[in-house]
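You will see two complexes here that share chain A, one where it goes with chain B and one where it goes with chain C.
Up next, the complex of A and B:
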């Protein structure tokens, strides 16, 4: 019986998945912190414990994400874009577009029928349209990250943000607070600004249905709704969107071991 | 190869090195001329007319645009960029211009060539030869430079023929006359400034040599259509300045290009490529990140062979000028051919959507590229604004995908090699996909 491991070391969170015959046997998430190597080691220990396996049982491990080079036990590295494509294709075989909202950047990927990357665009060095922007605003408003989505849905009058930039957005959020705007209206405005930025990426890559969303940003229901409104469609949201890329890495591990 | 020596991922052409050395010699000669009190010009790329005139008048020329690339490659640019920033030039302005203005500011401060200047530096100029073609920065940059260096600025104007009106009857003739008049005026100015007369026979010889130099260089690049491609873009970029900037006597440069032609031809005959295994054939749009050329080695290790680059840095398509008796008219025709020759296909097919963009369709098709890397230069609008059109047209007409890697020619801070490599690795899957799509569509590659 062969087991495969996918490790995704992101700038904020490290994610890992163990698979057998293409099905998830165990998964784990933990904060990446400042030492990616330590996070990778801890992640493997947790995964093996959950799956009741030893390291010798793992036939092949693929590492991905910003810290992929810091995974000492990986057999191969694959870019997070390819892993995300494979992962989402496993969950939603009908998916042709993925919006992946990560902590530091966002990317939109067009998929082929076999989950291959047909086209993609990345938000480059700018943090606009990324989870980091939400973190910055949550900090200004002193709102927990998991509360952002539900709170923003209560908004009656979203505040218009003039920027999608994480740096300028912070000072703009402070100005909006000073003007006496409600937190939910500010958050809804932030979601609209993010959706605007992300929709330009979608347009660049060419939208094809079904369209899905992955990454930590997909946990924010307010952001998901804003993107749906902007694109006039319903997004497919996987049950654990943060794990999609790690799952894809495990699938790639299986492919590469064959 | 000596034992223990690591094989380089790109097989550099032997004949590239003497061509690259001509550029070193250009800077050395200019410094010597400055020391001997002989005239020196700082020039913009002017597509040979101005260059030929300066050479015939024995004015040593150096090119701040090339020097921007030199400073970036030698790691000297950050200090000059910082100097320009502190003098108030905005950081989104052209990297070449900022580097040059920073260099000039430092030179003014020291009253001499800065000791850290790579390649011996550029000496204080007697004149500045500017050109209005391509972008607004090129006007204002030398205007500002003239104030730092206390040197006269001459602007060599050129027509912009990349519009459909340039096909109207009589427009070409009018433009050639305009170019010739500009060159004559420049000669008169130089005769006044230097108090010496033009040697017209010498000028005619230089112009004929220049035409031949461009023709041979064009033929070298034609050989790169072979599979595997024997000459990587890095060799093109190393060999290009010798002719684009007229770094030496064009007769000498022509001889070296002929040697390169023979080397490349022999490689084609022996099926030898520029990299170990040519898995992907790539085009590169716009100038490269001069500060990070090692990036291409990493891609070569993955089987990426860059087989063609932006037409804008290539020699003009050859034309027969044997019936044109006036040497100035001959060189004006050469310059005009550079601007209009690559647009012929756009003219003929009626594709007016972007004369800057259209030649890429022809090149990608002729060199059978699997993909193109678009390098939007964050400090250059002119080199960037057509790239999205290129991307769209290559996909819709040829099913060739594009990889966008943002960066800058000079400013290292604007380029992220790790991110670029991450995208490149992903792009391989995209190229493989479209190779299949083209095959199913019955396309040639």
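Up next, the complex of A and C:
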């Protein structure tokens, strides 16, 4: 019996999946921290414990993500674009566009009919297009990351951000707090600013339905709604959006071992 | 009628980070200059800084013939007779400080500008106010991360033997990069020198888009940083001119433009287009 492992070392979170015949046996997530190698080792130990396997049982491991080179036990590395595409096609075979919102970058991928990558565009130069912008503002507002989405949905009058820069956005958020604006209105404003940035990425690759969202940003219901509003469509959201790329890596591992 | 020497003109430059006031007399001699941090409450602050400048010049407010406000917060100066953009005021101020200047670089707290100047007038400009990278804010954020004072950065960077290359443009990502370099044991001076190089190469790239001509003047708060001045010179391949007080060129230019407007009216015998103004405290917070 052959088992496969997909390891996605992201800038914020490390994710791992163990599969057999394309089905998920175990998964685990942990913060990447400053030492990707240590995170990768710990991730494997947790995954093997959860799947009740030893390292010899794993036939092939694919590493992906920002820290993919720091996975000492990997048999191969694949870009996170390809892994994300593979993972989302497994979950939603009808997906043609994927919006992947990560801690430090956002990317939009266009898929062909067989789930292959047709085109993609990455925004990684600027924090304003990524989950990091939300993190910065949540810190100013002293709101926990997981509370951002539900809180923002209560907003009646979203505050418009005049800047596209996360650093200037931080100052702007402080000014808006001083003027007495509600937290939910400020958060809803950040969601709109992010949705604006992301929609320009979508325009650049060309939108085709079905459109899906993955990555940690997809856990934020407020952001999902803002993007849906901006693009005037309904997004398909996988049940565990952070694991999509790791799942894709595990599927690639099965293919590469064959 | 009063003699020109006993007329006074004020320029108020309400920047995003610093507020500057300059008072000159009719001969263009500086009678007062005040610089202070801009708080959240522009209008109240403008009033306070003006009062400090008047005290320094030993003048009552009524003696000031004309007041020009400039800078990002110029509409929040309730006692100004007129507003003029900071680009025009900078060009005027820079020319009075360095008549030979044809190109000016101004890096302030939240923006960076390149100016082309001909015969004392602005002919073209480029500006970045969209992104904190390349502005004083970049240095401010990183100084805080390093636990250093902004004014210490210049001297520290001059000690560097082995400058680090900062690969991220975004301030937030660069902040993380700096933390990583620190944890690797890279000396602080090498990191700071790398940051200065990052800001200088962006600034010079901006100037090149504009076209560099003649003498280059470097102003704004960031021009106080010797490390950035050196890095800008290295990138340009020649010297830059830095005023003794790099912060006041905008306020000085505003005061000089005020003087010129007033003298033109006086020559024609027309009344000055003054606003009804009062030096009272104004605030938008209850």
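Keep in mind that, in the parts below, the second predicted complex is superposed on the first by the 257 of 258 C-alpha atoms of A that agree within 3 Å, B and C clash if a C-alpha of one lies under 4 Å from a C-alpha of the other, contacts with A are read in each partner's own complex, and residues count from 1 in each chain.
Just so it is clear, a contact is a pair of C-beta atoms (placed from the backbone, for glycine too) under 8 Å apart; a residue touches a chain by one contact, two chains touch by 3 or more.
None of the values given here were measured: they were computed from a predicted structure.
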item: Combined model on chain A: chain C and chain B, fit or clash; value: clash
item: Contacts of A:195 with chain B and chain C, given as first, second, both or neither; value: neither
item: A:175 touches, of chain B and chain C: first, second, both or neither?; value: second
item: Touched partner set for A:104, first chain B, second chain C, both or neither; value: second
item: First, second, both or neither for A:121, with chain B first and chain C second; value: first
item: Partner chain in contact with A:138 - chain B first, chain C second, else both or neither; value: neither
item: Which superposed partner A:63 touches (first chain B, second chain C, both, neither); value: neither
item: Segment of chain C that clashes with chain B, given the candidates 23-31, 95-103, 149-157 or 203-211; value: 203-211
item: Residues of chain A contacting chain B in one complex and chain C in the other; value: 125
item: Contact set on chain C toward chain A in their complex; value: 40, 110, 130-132, 137-138, 141, 168-173, 180, 183, 285
item: Residue numbers on chain B that touch chain A, as the complex places them; value: 401, 404, 406, 416, 419, 422-423, 425-426, 429-430, 432-433
item: Residue ranges of chain A touching chain B (in the complex, touch as defined); value: 78-82, 112, 116-122, 124-125
item: In the complex, chain A residues that touch chain C; value: 34, 104, 125-128, 132, 136, 163-168, 175, 178
